[in-house]
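In what follows, a single structure is set out as structure tokens and then discussed.
Per-chain numbering from 1; labels A, B, C and D assigned in written order.
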Amino acid sequence: MALDVAAEVLANLPLSADFNRLSLAAPAIAAATAPGQFVMVKANTSHDPLLRRPFSVFEVLRSGDGTATGLTILNKRIGATTRLLYDAKPGQRIACLGPLGLPWPVIDAGTKREACLVAGGVGLAAFAILAEALVARRVKTTLFYGARTGAELFSLDFFRERGVSLVLTTEDGSAGEHGRVTAPLERHLAERRSAAAVYACGPEAMMAAVARMAMRFACVCHVALERVMGCGLGGCYSCVVPVRGEAGGFHHLRSCIAGPVMSGAQILWE
Amino acid sequence: MALDVAAEVLANLPLSADFNRLSLAAPAIAAATAPGQFVMVKANTSHDPLLRRPFSVFEVLRSGDGTATGLTILNKRIGATTRLLYDAKPGQRIACLGPLGLPWPVIDAGTKREACLVAGGVGLAAFAILAEALVARRVKTTLFYGARTGAELFSLDFFRERGVSLVLTTEDGSAGEHGRVTAPLERHLAERRSAAAVYACGPEAMMAAVARMAMRFACVCHVALERVMGCGLGGCYSCVVPVRGEAGGFHHLRSCIAGPVMSGAQILWE
Amino acid sequence: MDLSVTIGSLHLKNPVIAASGCFGYGVEYAGVVDLSSLGGIVVKGLFLEEREGHPAPRIVETPAGMLNAIGLQGIGVRRFVDEKLPELRARNATVIVNVCGTTIDEYVEVSRILSDADGVAAIELNISCPNIKEGGIQFGCSLSGTFDVVSSVRKATRLPIFPKLTPNVTDVASFARAAEEGGADAVSLVNTFLAMVIDIETRRPKISNIVGGLSGPAIRPIAVRMVYECRQVVKIPILGMGGIVDARDALEFMIAGASAVQVGTANFVDPFIWPKLLDGMRDYLQRHSLARISDLIGTVDVESKHKEWISS
Amino acid sequence: MDLSVTIGSLHLKNPVIAASGCFGYGVEYAGVVDLSSLGGIVVKGLFLEEREGHPAPRIVETPAGMLNAIGLQGIGVRRFVDEKLPELRARNATVIVNVCGTTIDEYVEVSRILSDADGVAAIELNISCPNIKEGGIQFGCSLSGTFDVVSSVRKATRLPIFPKLTPNVTDVASFARAAEEGGADAVSLVNTFLAMVIDIETRRPKISNIVGGLSGPAIRPIAVRMVYECRQVVKIPILGMGGIVDARDALEFMIAGASAVQVGTANFVDPFIWPKLLDGMRDYLQRHSLARISDLIGTVDVESKHKEWISS
């Protein structure tokens, strides 16, 4: 069940000129969050901007004894609300509704099974909690993470410390492999085939490419969609995604309640 | 000429649950401000609230050598923008356009001439700079100042230190004379008659009563009006006040440019 | 304190209703609000058949408002009756169904199916959706079309019918009158304002349907005026809406002439808004020593001279 | 970079014009902006005679907008010609006069007086003010009224005439066409939306005239849609307005089909907006490697398939 909390900003860590990591005191939401779920956030009290905005729960913050104390958001500044989140000051309150949406299905560590997480840019935000869950189940986990430039590869230590293998790419070649994250992923999947369960979050074109590639190699593939969302609760029908109908044709599913995590094979990519 | 400054909040002093004194770094505006002038302020960058709001320049802040460094606003919280001003944090920027409007005419210290400043509530804001100007000209000055309650009588020391005599009233009798400020004023004017130049700012009904009283005692009377103002520059015609026409009838004058200080006798009070 | 209101033969426990298209089929919100605590729920617009609606993007935010062109995606009236109505009934929701059609026959047929179903309290006739080409708004923009749809459905059902009017007309009150003459029990107003947002970088409209409907606080003052105008002209009750975000806004519509209000966009911003609206209304009644909210309806005072001046 | 645009026979150095009623008679703003730097200035609406307008309160703020009912307070056309025009001429302002009337004869007479004066670049015919009972909007809400006012004034003056249309109609494009047929050189749109705000504590309207006109960012998406609709129907240029607050908004109107834009409410918020608008336009042209702003007019692309998805 979704909760609405006027969450206090605990900390705001700038990561670059466009990215920051915001810590919010929303313990009840954090405690209930499963990997891949999101919150709907409103950073102002006036009517401009009006609607909430969706954000993945990046990390769950915990006290020494493991109790959830809050959550973080990995925020990329692109418009009105993301600017307010970038500029947020500790002590300020931010309305936070969640946890929302269907979580990632977390695979078990079967024989030779492994998880490939594929993150493009701020899509990384969908993976920290998933990685923890996979590692807790002792699933061999690799993060394929692409960004525009080396300075925009964040939280690498978080994943390294948890034993996740990292494969990095940048579009400008300033760190990791030069090019797109799909290149090393393809080499990897070609080798492991159906042993790999693929999880992708990032730009639409990347997710479409990953979903197609996964199909080609007969891998299970889930994607976490990022559509414009008006409500996050299934009320507005803004966030729809076309999926294959049973008898051909298509249906529009609401990605806020039938997602954001969906099967890559189910979606009618452009 | 009016200037627009993104003024930094230097300090925000809460005076009560509803009143505060906000110091803004707007040296150029402050330096140009004459007694009774105002600024148009916008405390947010979104479109809600949309318009600026008018505020008297309360004090001019000066450095040791007398250079203007900023100005203060005496703010009473009643709605959207006044709430933002009440909650403003040092370092924040507030758009401040001014100085605007016609100033108080400052009388000279002629034989037996004296100034009676009549403030109701937040109307006090129009008088600090006027008092300084009068005192600089050695005009005998009395401030008649009424509020709802003693805790809402502010900045008394400011006036005392400059040699202004204070006559205080409160509606609940918790300080000064019990009742309205017009009562001691009437006794005073009855005695001094035309020797007194009356300056009034406060609730409309108070200003109307003072203006009529001044007429009765043949005193010069100026009032500083507080009408809803959309622009402060004569562009919108929202701030009009009905004044006597020459051949009877009335005209609507824009109180932002033909005021806010106007002759009490000129106005067609309700 | 009595918050109940009467809309024709329909008695509502309070005047706060979820607006169509902004509350799914109601069941989506069962987890965040007790559906029986609302005066009513208007479910998403339904045609006879399923519809997939327009491609995304379907919404874009605007200053203090939003534009939508969902295109009336819906499961069709029969699936609604089979799949959603039982749960709504079980939850004791007062269900009003927003009925769509591309022809008068379709309006009639959908209404008939709903009349036969168990648990529908009233029908809201959507003759005002700006986002579909066929039907709907064609009727809503013509006085005779409005009359024809209403009077045809009138003959087919005993359920209260509330035509929902479009604000995209010169004289909305004449449409309220046409609806009244057609036999409507009340009118709902307003639906959204036809509007457009262009992305200047791509020079393309920001939503796939090119134009969409504007809702939210931005439109509230226009909607209040329309409720006020209709109140002067028709006798049937008005369900007022457009940009209501708090109890004060709801009361403003009632004072302007609405017997009940609907809340759409604000539910997206705050799905927990419903008890807050009711608390705010109770608080107002108390402060003003009023026993019944219905005593407020249409009481706007346009006669008293204005106390012109504000006070310090 | 060429910001100039052509409205019929009128050549403007740039497409940014101060909207009527939001810039006084222009002279009020001579201290904050170089009047000759604007594409044009539409002065406050003028009748033949002086008018005192409505009592205060005349405005009230609304979400991302404002309501006004000034009631066309003005000094009358003759005093304008005598007292204001010389200064505007001296300052090299491109002066467009917003002409009001309660009868067609009055429109004609005011226009004739302006034609004889020195320094008037064009006439904007205000047939759309929602705040006065007599005249004006009566013409603006009737196709034949619109045609009659325009064609009558057409016969009386050689000045370019721009009827200003009301958005409070079902089909604004038909009014643009009536204006075009009457001989208009361009149409201005939109004027304000009829609206109302009620103080729930006193239950009285917040402005003395009961209803007023809504302007500001709130209305922008509706206004853009109307400009787009009219662009499909008429050949004469459109002066677009409604809620423009920055260069992006101005460009949106031009892409929708406006040849020039007017800015009203935003000037109240920021009287120093004018150079910012022009700088923003230049910046856009540069980023998009466009030589002339006029190449943007009406270039909205409603054909390309939408790239549905947003990217991270």
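Going forward, contacts are C-beta pairs under 8 Å (C-beta built on N, C-alpha and C of every residue); 3 or more make two chains touch, one makes a residue touch a chain.
From a predicted model like this one, the values you see are computed outputs, not experimental measurements.
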Chain located farthest away, centre of subunit D as origin (C-alpha): A
Rounded Å distance between subunit A and subunit D, as computed from the means of their C-alpha atoms: 47
Cα-centroid distance, subunit A relative to subunit B, in whole angstrom: 55
Inter-centroid spacing, subunit D versus subunit B (mean Cα positions, whole Å): 36
Where subunit A touches two or more other chains at once, by residue number: 47-49, 227-228
Subunit D residues counted as touching two or more neighbouring chains: 55-57, 63-65, 216-218, 308-310
Touch-based graph of the chains, sorted into line, ring, star, complete or other: complete
Subunit A residues touching subunit D - in the complex, by the definition given at the top: 47-48, 76, 120-123, 201-205, 226-228, 270
Footprint of subunit A on subunit D - complex, ascending: 63-64, 217, 307-312
Subunit D partner contacts - residues on subunit C that touch it in the complex: 55-57, 62-65, 67, 141, 168-170, 193-198, 200, 202-205, 208, 210-211, 214, 216-222, 224-225, 228, 243, 248, 251-252, 255-256, 284, 299-302, 304, 306, 308-310
Residues of subunit C defined as touching subunit A within the complex: 21-24, 28-29, 31-32, 44, 52-53, 55-61, 63-66, 68, 70, 73, 216-218, 245, 265, 267-272
In the complex, subunit A residues that touch subunit C: 1-2, 4, 42, 47-52, 95, 97, 227-228, 230-231, 233-242, 250-252, 257
